[in-house]
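Paired with chain B in one complex and with chain C in the other, chain A is shared by the two complexes that follow.
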Partner chain A sequence: MTLRRALSTRRGHRVTSQSVSFQFDGREYTAQAGDTVASALLAHGVRLFGRSVKYRRPRGVFAAGPEEPNALLTVGTQPCVIPNVSAPQLAITPQLITRSQNRWPSLRVDLHALLQAGSGFLGAGFYYKTFMWPSWRTYETMIRHLAGLGEAPGAADIAPPHVEYVSCDVLVGGAGAAGLAAALAAARAGARVVVCEREPQAGGELEFETATIDEQSATEWVSSALAELARAGARVLYHTAIVGGSDGLVIAHAEPGGGAKDNTVYRIRPQKFVMAMGAVERGIAFVDNDRPGVMLLGAAERYLARYGVAVGKELVLFGNHDRLYASAQRLHAAGMRIRAIIDTRGDVSAVTIGLRARLTGMGVECLGGHAVAEVHGAHGVRRICVVDLQAPGTKIFIECDALLVSGGWTPMLQAALHDGGQREFAAQAGGFVANAQPEWRTAVGACAGTFELSVLLTESFRAAAQLSQSVGAMGVVGRAPVGRGDTAPQLQAFWRSACTRAQEKRQFVDLQNDVTVADLRLALSEGFVDIEHIKRYTTLGIGTEQGRTGGLLGAAIVAELKGEPLSRVGVSRTRPPYQPMTLSSLAGLNQGDALRVTRRTPLHAWNQANGAVFEPAEYWLRTRYYRANGTDAFTAGIQEATQVRAHGGILDGSTLGKIEIAGADAAAFLDRLYLTKASTMKVGRSKYMVNLREDGMVLDDGIVLRLAPNRFLATTGSGHAEHMLSHFEHYRALEWSHRQVAITNLTEAWAVIVVAGPESRAALIRVLGEAWHARLSGLTHMDFSVSRWNGQTLRVLRASFSGELAFELHCQHGIAVPLWEALVAAGLQPYGLEALDILRVEKGYLVSSEMNGEATPQDLGMDGLVNLGNECVGRAMLGRPAFAEPQRPRLVGLRACDGKSVIQGGAQITLTTTDTHALGHVSSSVYSPALGQWIALAFVARDRAAPGTVLVARDPLRGTDVDVVVTSPVHVDSSSERMKA
Partner chain B sequence: MMRLTCPFCGARELHEFQFHKTAPEPGANPFAAVYERVNRTDISQEYWQHLHGCRAWLYVSRNPSTGEVYQVHLLGTQS
Partner chain C sequence: MNTSTSLIMEQRCQIQSFATTVAVEFKAFQYPLVGTVSAELPSEPGAVRRDTAGNATLLHYGPGVFLAPLPNEALLHRLQTLETAGLGAVFDVCGQWHQFRLTGALSTRLLSSGIDIEHCVPRRDCAAVHLFDSPALLLLQSTGFDVWVPASYATAFSATLVRLRERLINA
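For the complex of A and B:
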C-alpha cells in the first residue's frame, strides 16, 4: 500500500517523524506522532471508515473536525467503550483501540446492508408505517437493535472531568483571524481576556491561507498575535470548544485528543462574549454523494497542511465560489494531481477567469457552469459524471479517486441562538448569520456573515475594543490588523444537481442520518411543512453532527421543493452540546460519592461491627436489622419486635431531627407553626405536636420539648430536619422578622438512643446508676430530665414510638457508644427499622406513608387536636367542604378476615373482588408478632370506614385479593396501659 | 445559568438557591393565596432561599421569559 503521505511534498505541521501504532478494526496501523486516526488511516489509503446508520452504506471521512458525519469510531473494548468519537479529532495515543460502527459482521460485509439491497430504500417513517401489525411493540426490540449510533458502554470507566470556574472581562470564542483580532483589541484595552479554541492551535483558516496580515505571512501574524496576547496575560485554551451555556454562563469543554479520557469542563462567567466561532463548510447534493472519497475541500486542505496527507491521487474539485482556485493551486503545489475543477458558476468575474486560465495552464481542466451529477464506485469514488448546467443532456465522465466538494460555509450559530439571540438570512453568506444578541455578547467574523479577511479583521477588532470599553478597559488599542490578498469568495448558491425522482433517494443531504432529498420530498407531501417538523420526521440535523454540514443544505432543498425562499423556510435549531460530551462530563463533579451526602450516626461503627444491615433513609444510613437476629429482614424484624415487647430493646435514633427554637418570641412562634399550642407547656414537659402545610395537609409531626421558658427543642421525622428547618426559617422571615426567634439545627449535635420495653426502666437505672433512680422513677409519660453521665450531658425523655414503656436518651457524641454498650450489657437487644415499623404499625403510629401530603389532621384521626382551636399556618384551610365529604379517605386499621392472608402495602381498597373503584389504599402493612397475623394501616372512604366493615384489599400487580375487616388504627394496647406503666 | 444577588453574599449561581414558590398577591384570601397562583410571563414574584449559602429567605422579582432578575431583597424587610 502506498502511503498517501509519500504523495505529498508537504511535511504536515502537526506530525513528527516519531512512529506510533494503533488498532483499527483489529488491525495494527502505524502513524506519526501527532496524527489523528483519520489522518493516519487516510495516509494508509483506507477509505472505508464505517457504515451509515440506516442504509449501512459504506462511508469514509468527509470532514476534518467535530462536524464529521461519517467517520465515527468506538474507542476501547467493552465494557469500557466510548462510542461516536469523531476520527478527525481522535489523537493517536499508546494502545489506542478503535472500531468502525454500524456494521455486522464486518465493515466490508454487512448483513443488514445485504438485506436492504433487496428491499430498496426506506423512506422517512418507514418503520413506524410498516411494522404496525399487531403492534409496533412486537418489532421494537429487533428494530432498536439495528438502530442507533454506536454501542453504549457496559460499564463506567471515565474519571470525573476536571471542572474549572473561570471569570473574565472578555471571552473570545474561536482563535481564527476574527477571534485573534478581537482578543488583541480586548487585551490592548486592558481587559482580562480568555480565548477558547477547539483546535489544538490558533489560526483557523489562516492555517493554509496565502493572504498576508500586517505585512507578515498569515502564520507569522498568528504567532506574533499569540505572543502579544501572552505578554498581556490573556489566557488561550486550546482543544476547548464552547459547547453551550445560558444566562451569562458559557460552558466550554476541553477534550485533548478526543475520547473523553482527560477532559475539563470550564464554567466561564465573562462580562462580554465575542463569538468568533467561524463557519463550517457544507456539501452539495448529487447522486451517491456519500461515497468514500467524496470529501469537503477544506478538509482535504487540512489533512495536507496538518499531516502531510494526500487524500487522493487524482482529484476533482467541485463548488460554487472563487476559493476553489486558490485551493487547487495549493493542492497542486503539494504534488497532488488535479484532474478538473467543476464550478457551478457560469457567469464569473474577470478575476475568476484569470484564475481559471492559470490553472488550465497547469493542466487542470476548468469547467465553469457545470456540476457533478453522479458518482460511480460503491466502496469509493472511481469516476464522476459531470453535466453542463446549460445543456443538461451532455455528460462528461472524469476518472478520479477523490472528489472535493465545497458548497459554501455555514456560520456556527449554536452559541448565538441561546438566551433569545437572533439570526437573520444573509444572501452573501448563502445562509443564516447571527444578528440581534443580548447586550453581553456579539458575533464577529464568519459567525456574523463576514468572510473577507480584510473586513473581518477590522470589524471584530473594533467590536471587541468597544465591548472592552463598556466594561471599563479603556487602554489604547491602536489600529486594527490589516489583511491583504484575500477577497470575498463570490459565492453563488447551488444546493443540488438535477436528477430523476428515483435518483433523489441517493442524493444525500444529511450523511450521518441517511436523510435524502427523497425523504424531504416525502415529508413535505405528508404535510410536514415546518422545518422543525421536517427535522423530527426525517431526522435531518440530529445526532452528533447537528446539521453542521447538512442542516442548511436540507433547508435550502426544502425551500426549493416548496417553492419558497430559504429565508422564510429557516433552519432548525441546534441543541447543545456543540460537540459530543460523555454523560460523565455533563455530570461534572456530581457523581459517585460526591453526588449525595451520606450521613452516619455516632453509633454507625458499632452497628457495622455488630452485623447491622443498613438502609438509606434520606441522607442517613440506618440499621434495618441485625444479622444475628434472623436469616432475613422479615424474620429478624419479627424476632427483634417480639424481644422489645417481651423484655426490651434499644434503637439507634440519632437520625431524629432536632431543631432548637429560642428567644423571647419562641413560644408564640411555635404556636403559629403547630396545630396545638407550645406556649401552654410547662418547662420540663414535652408534647406530641403536628405541623400543617399552608394548604392544611399534615407536614410533619414530632415531640416538642420545653427546655426553658424561652427555649424549645422541636423534633422532626428522620430526614425531615432540613426541610423543617427551611420551613421554620421561611415563616420567621415572612411574618416574624421583627421578633426574637433563633432557630438552630441540632440534629447532628445529639445522638439518640431509644430504650423501649417493659424492662427498659429497670435496665436504665442499672446502667445510669443510683443517682438517676429517683429521677427515672418519677418521670411520667412525656416528662424529661437533664443531667450528666460520665461527665457529659444526657437528657432522658419518656416518650414512646412503640407503644411500650420507653425512653429517648439524647446524649452528646462522646458518651453515645459507651452508653449503648452498657445498655447491651444490661440485657437490652439492639433492634432496627424493620422491628420499629412493626411496633409502630401495631400501635397505629404514623410515618411519611401516612403523612403523605394528601392527608389532613382529620384524615389522620387528629380531630381532637384540631378542635383545640389554635390558629396556626394551614388551619384556615381545614374547613374546606371537600375535606368533610363522605368519600374522603381517613386512616383506619385493617386485618385479614381469615386471620392469615398477607395484606400488601399499596393494595387498593374496594367493595368487592370485581370492583375497580378504589375507596382508598393500604399505606403500611406488617406481620404483627403480637397478634400473630398481618395488620395494616390504610386510608378508606369515611362512609365505609366504620369498624367491622368488610372490604377487599386488591393488588392486581401481585395478583392478590384479600378480604379485610376495618379496625381501629391502634392494633395493640389501645388503652396505652403498657406505655404508661 | 441564572444568578441571584443575595443581599448578604453577592451574586451567586442558581444551584446555591432553592426555589420555594411564587408569592401570593398582597391581601389575597387564604384560599387564593394557596391555590390561585398567577402565572405571569412578564414578572414573577417568588420566594427563594439561599439554602447552600447563608440560608437567607429572599423575595425575588424576575422575568421568566427573558431570565432577567429585577430585584432581590430579604423576605420580610419590605412589604
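For the complex of A and C:
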C-alpha cells in the first residue's frame, strides 16, 4: 500500500508539523497532527468523500462541522465499526481506518449510481406508491440493502461513556465571542460558570474574522478571556456540545479529544443557561449544487485558518450579503486565487460598492445582481453558469474548481425550543430566532440573530450580568468588551436560482437526504402543506445533519412555492440529540455487565458455589435449579419437586418482601389495607392476607405476622416489597398522618429459608437442637416462634407454599449460611424456582401470573375472604355488576384429557378447536411429577368453569390444540392433610 | 466501626466496605416533627448528629425518618423512650444496610457519575437518593462520603464503584 504524502507542511492554528498517517478507502495518507480526516484529504486534493443516500451522486465535503451532510465515514473494521462519522470532525489518531459509505464496489465507480436513471420513480414518498406489486416483500431485500446511511456494527467495542452530573449558576453554551463575553460577565459577578464548547478551541467565528476586541487582536482577546475565566474558577469543557435537555436539565456530550480517551455525558443543572451556540451557514439551491467542490464559504475559511488547507485553486464566491467581501479579502490575503464573487444583490450600499471596487482591483470579478444557475462537472466542479437576475437569458461561464456558497446563517435554536421556548421570524436575520424563553434561559449573539461583533459583545455581556444577579452573584462586572469586526451582513434573502421544472430534480435543498426542490413541489401538490408533514414526507431535515444547512432553505422554498410568507410556514422542530451520539453514549453507564443492577441474597455465594443456575426476577438473582439435579431446568425441576414431596428440601426465600408496621394504630391501619382483619390475630400467630387496589383488583398477597400487640411483619411477593411499601406509605401519609403508624422495609434484614417436606420438622429439630424441640413440635399451621440459634435471632413460622409440611426460617445474616449448610447436612436438598413452581401449581397457589392486576378476589376463588366483610381499600368496588357477569373469568385447574399432552402456558381456552372466541387463558402450566401429567391453572369464563367441563387449550403460535378438563385449582393434597401434618 | 473489609486502598479514591451489624431506625409518627422529637433529634431535613470523634450517630434522611448506625446504649434508650411515649417507632434494621466509605480526591467525581453531588450535599449533611440504580443514603464526611445501600445491592454497588474508580483513574 503506497503512502500518500502531502506536498508540503501546512500552517494552521490546529495543526503541528508532526506527521501522522491514516487510511481512507484502503489507501494510506499522511496528515499533520491536529488534522481531521476532511482537512487531510482535502490537502491531498481528494474531492470525493461519499455517495448520496438515494441517488448515489458523488459528493464532497460541504461544511467544517457537525452540519456536514455529505462526508460521513465509517470508522474501524467490522465487527467494531462506527458509521456516519462526520469527516470534518473526525480527528486523526494513529492507525485510524476510515471508509466512504453508500457505494459499491467503489467510491469512484458506484454501480448503484444507475439509480439516477430511475430518479423519476424515486421522488418524495416513492415507497408509498411504488414497489407494491406483487408484494412489497418482493423488493424488501434489495431495498434494505440499498437504503440507510452506513452499516451497523456487528459487535460493540465502544467503552461506555463517563457520566458526570454538574451543578452551576450559569451555563454558557458556546465559547465564541458572545459566549466568552457572557461567561466573563457571569464569572466577574461571582457566579459558578460552566462553558460548553463543541470545538477543541474557543473563539467561534473569531478564528478567522478580522476583529479587534478591547484593543487586542481577536486571538489575544480569546486567550486573555480564557485566562480570566480560569482564574475565576470557571470550567470550560471543550469537544463538548449541548445535545439536549428538558425540565431544567441540560445534556452535553463530549467526544474523545484533548487527551480524553472516552466520551463523556454531562448532565448539567444550571440555574441559568445562556445559549450562545451561534448560527450555521446555509447554502442556496441551484442546479447540481451538490457537486464535490461546492462548499460553504465559512467552511473554506475554517479549513484555511485551522489546517492551512486551500480547498481549491480557482475559487468563486456566491452569496447574498456583505461578508462575501470580507471573506474574499482574507482568502486573497492568504494567497488564494479568487476568480469571481457572485452577489445576488443588485442594490447595495456605498460601502459594498467600495469593497467590490477594491476587489476588482485585485483581479476579482464582482458580479452584483447575478446568481449561479448551474454547476458543471460530475466528480468535481469544473465550471459554473452564472445568470443576470435582471436578464436571465444572459449566461456567463466561469471556470473554477471550488464554489464557495453562503446564503446566510441559521441561528442554532434547538436548545431554545424545548421546555416551552418559542421562536419568531426575524427578517434582518433572514430566519428564525429565539423568542419567549423560560426565565432561566436566554439566547445571545448569532443564536439570537445578532451578527455584528460590537453589538453581540455588549448584548451578551449585559444579559449574562443580569442573569448572574438574579441568582445572587452581585460582584462588579465592569464594562462589556468593545469590539470591531466584520460589519453587519446586510443580507438580502435569496433561496434558489430559477430553473426549469425538470431541472428542479437537481436543485438540492437537503444534501444528506437527497431532497430536491422537485420533492418539495411534489409534496405540496399531494396535500402535504404543513412543514412538519413535508419534513416527514420528503425527509427534509432528518438524519445526522438535522436540517442545519437545509432546513430553513427548504422551508423558504416551500414558502415561495405556496406563495406564503416564511414566518407563517415556519421550520420543523429538531429533536435531541442535536448532534449525533453513539447509542453507547445515550445508554450511559447502564450497559454490558452494568446493564441492570442485580440484587443478591445472603445465600447467593453458597448457591453459586454449589451449581445454582440463576434467573433474574425483578432485580434479584434467584436460583432456578441446581445443576447437580439435572442438565436442564425441566429435568432438574422435576427431580427437586419430587424430592421435596418424598422427603424434603430447602429453598432460598430471602427475596420475600418484608415490611414491618408498628404503632398503637398499626392493627387498625392494616385492617384497612387488607381484605381480612389483622387486628383479630393473636401475638405469635400469622394469617394469609390479600391486598386490593382501589378498583378492587388483587394487588398482592402474603403472610402477616403479629410480632407484638403493636407490631406486625407483612410479607409480600418477591420483588414487590418496594411497591407495597409505597402503597402502604401512600395511605399512611394521606389518611393516617395523625395516627400512630410507622412502616419500614426489612427485606434485606432477614434471610429466609423455606424448609418443606414430610421430613422437614425432624430435620429442623436435629439442626436447631433440643431447645427448639418443644417449640417445633407444638407449632401449628400459621404459628410462629422466636428464639435464638448460634447467638442470633431466629424466627420460625409454620407456613407452606408447597402443600407440604413446611416452615419459613427468618434469620439474621450472620447465621444464614451456617443454618443452610446444617440443613443440607441434615439431608434436605436445595431446590429452586422451577421446583417451587411445580409444587405451588400442584397446590393451586397463586403468583403474579394469576394476580395479574385484572383479577378480583372472587375471580381467584377467595370468596370466603370477601364474605368475612372487612371494610378495606378496594372493597367497595367489588360490587360492580361487571364482576358478576357469567363471562367473567374465574380461576380453575386444568388437566389434559389424554393424560399426557402438554398444556402450554398462555394458551387460549375455547369451546372447540375451530372456535376463535377465547373463554380465558392458561396462566400457569407445569408437568406434575405427583400426578404424572401436565396440569395448569387457568382463567375460564364462569359459565364454562364447572369441574368436568371439557374445553380446548389452543396455542396458535405453536399450532397445538389440547383437549382439557376443568378441575379444582388444587391438584394435590386438596384436604391439606400433608400441609397440616 | 463495624466489620471492615477494605476493598481497594488507593490514594486518589479509597473504597471501604462494612456490613452493618447493629443499626436501628426511628420513625416519628408525625411530620413536621413536634415536641420532644423535634427537641431531641436533629430536626432539619438532612441533619446529622455526630459524636465527639465526628462519627455520625443519627441521620435524619427522610421526613421523620432517622438512621442510627451503631447506636450506643444511651441513644437506644432515648429512642425507646420516645417510642414508649407514643411519638414514633423503633425498628431493628441490623442487616438491612451495607455501608461504604469513599475518601480521596476522586471520591466526589466518582459519585458525580451517578448523582448531582453538589446539589444533594453540602446543603444538607445526608440525603436519601438513588445512586447507580440502588437506593442509597449519602452522608457527607470531612474526608469524603459514607454511602449506605440495602444489603442486597451491595455486591453490584461495590462492583460499580470499583469499575468507575478504575476508569476515572485511567481516563
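Just so it is clear, the second predicted complex is superposed on the first by the 948 of 981 C-alpha atoms of A that agree within 3 Å, B and C clash if a C-alpha of one lies under 4 Å from a C-alpha of the other, contacts with A are read in each partner's own complex, and residues count from 1 in each chain.
The rule we apply is simple: a residue touches a chain if its C-beta (ideal position, glycine included) is under 8 Å from a C-beta of that chain, and two chains touch if they have at least 3 such contacts.
Because the structure is a prediction, the values reported are computed rather than measured.
Once the two complexes are laid over each other on the shared chain, residue contacts for A:S167 go to chain C alone; chain B is not touched.
In the superposition on chain A, A:D915 contacts neither chain B nor chain C. Comparing chain B with chain C, the partner in contact with more residues of chain A is C. When the two structures are aligned on the shared chain, A:S737 is found in touch with chain B and with chain C. Contacts of A:E615 after superposition: neither chain B nor chain C is touched. Of the two partner chains placed around the shared chain by superposition, neither chain B nor chain C is touched by A:E365.
In the superposition on chain A, A:T601 makes contact with chain C only, while chain B stays out of contact range.
Residue overlap on chain A between its contacts with chain B in one complex and with chain C in the other: 267, 737-738. Within the complex formed with chain C, the chain A residues making contact are 159, 162-167, 260-262, 267, 269, 589-590, 593-594, 596-602, 604, 620, 660, 662-664, 711, 737-750, 812-814.
Residue ranges of chain A in contact with chain B, taken from their complex: 245-249, 267, 419-420, 694-695, 726, 729-730, 732-738, 876-877, 880. Those residues of chain B that touch chain A in the shared complex are 1-3, 13-14, 18, 20, 30-31, 33-35, 47, 49, 51, 55-57, 66-67, 74-77. Chain C contributes residues 19, 21, 25, 27-31, 86, 88-97, 109, 112-119, 132-134, 150-157, 159-160, 163-164, 167-168, 170-171 to its touches with chain A in the complex.
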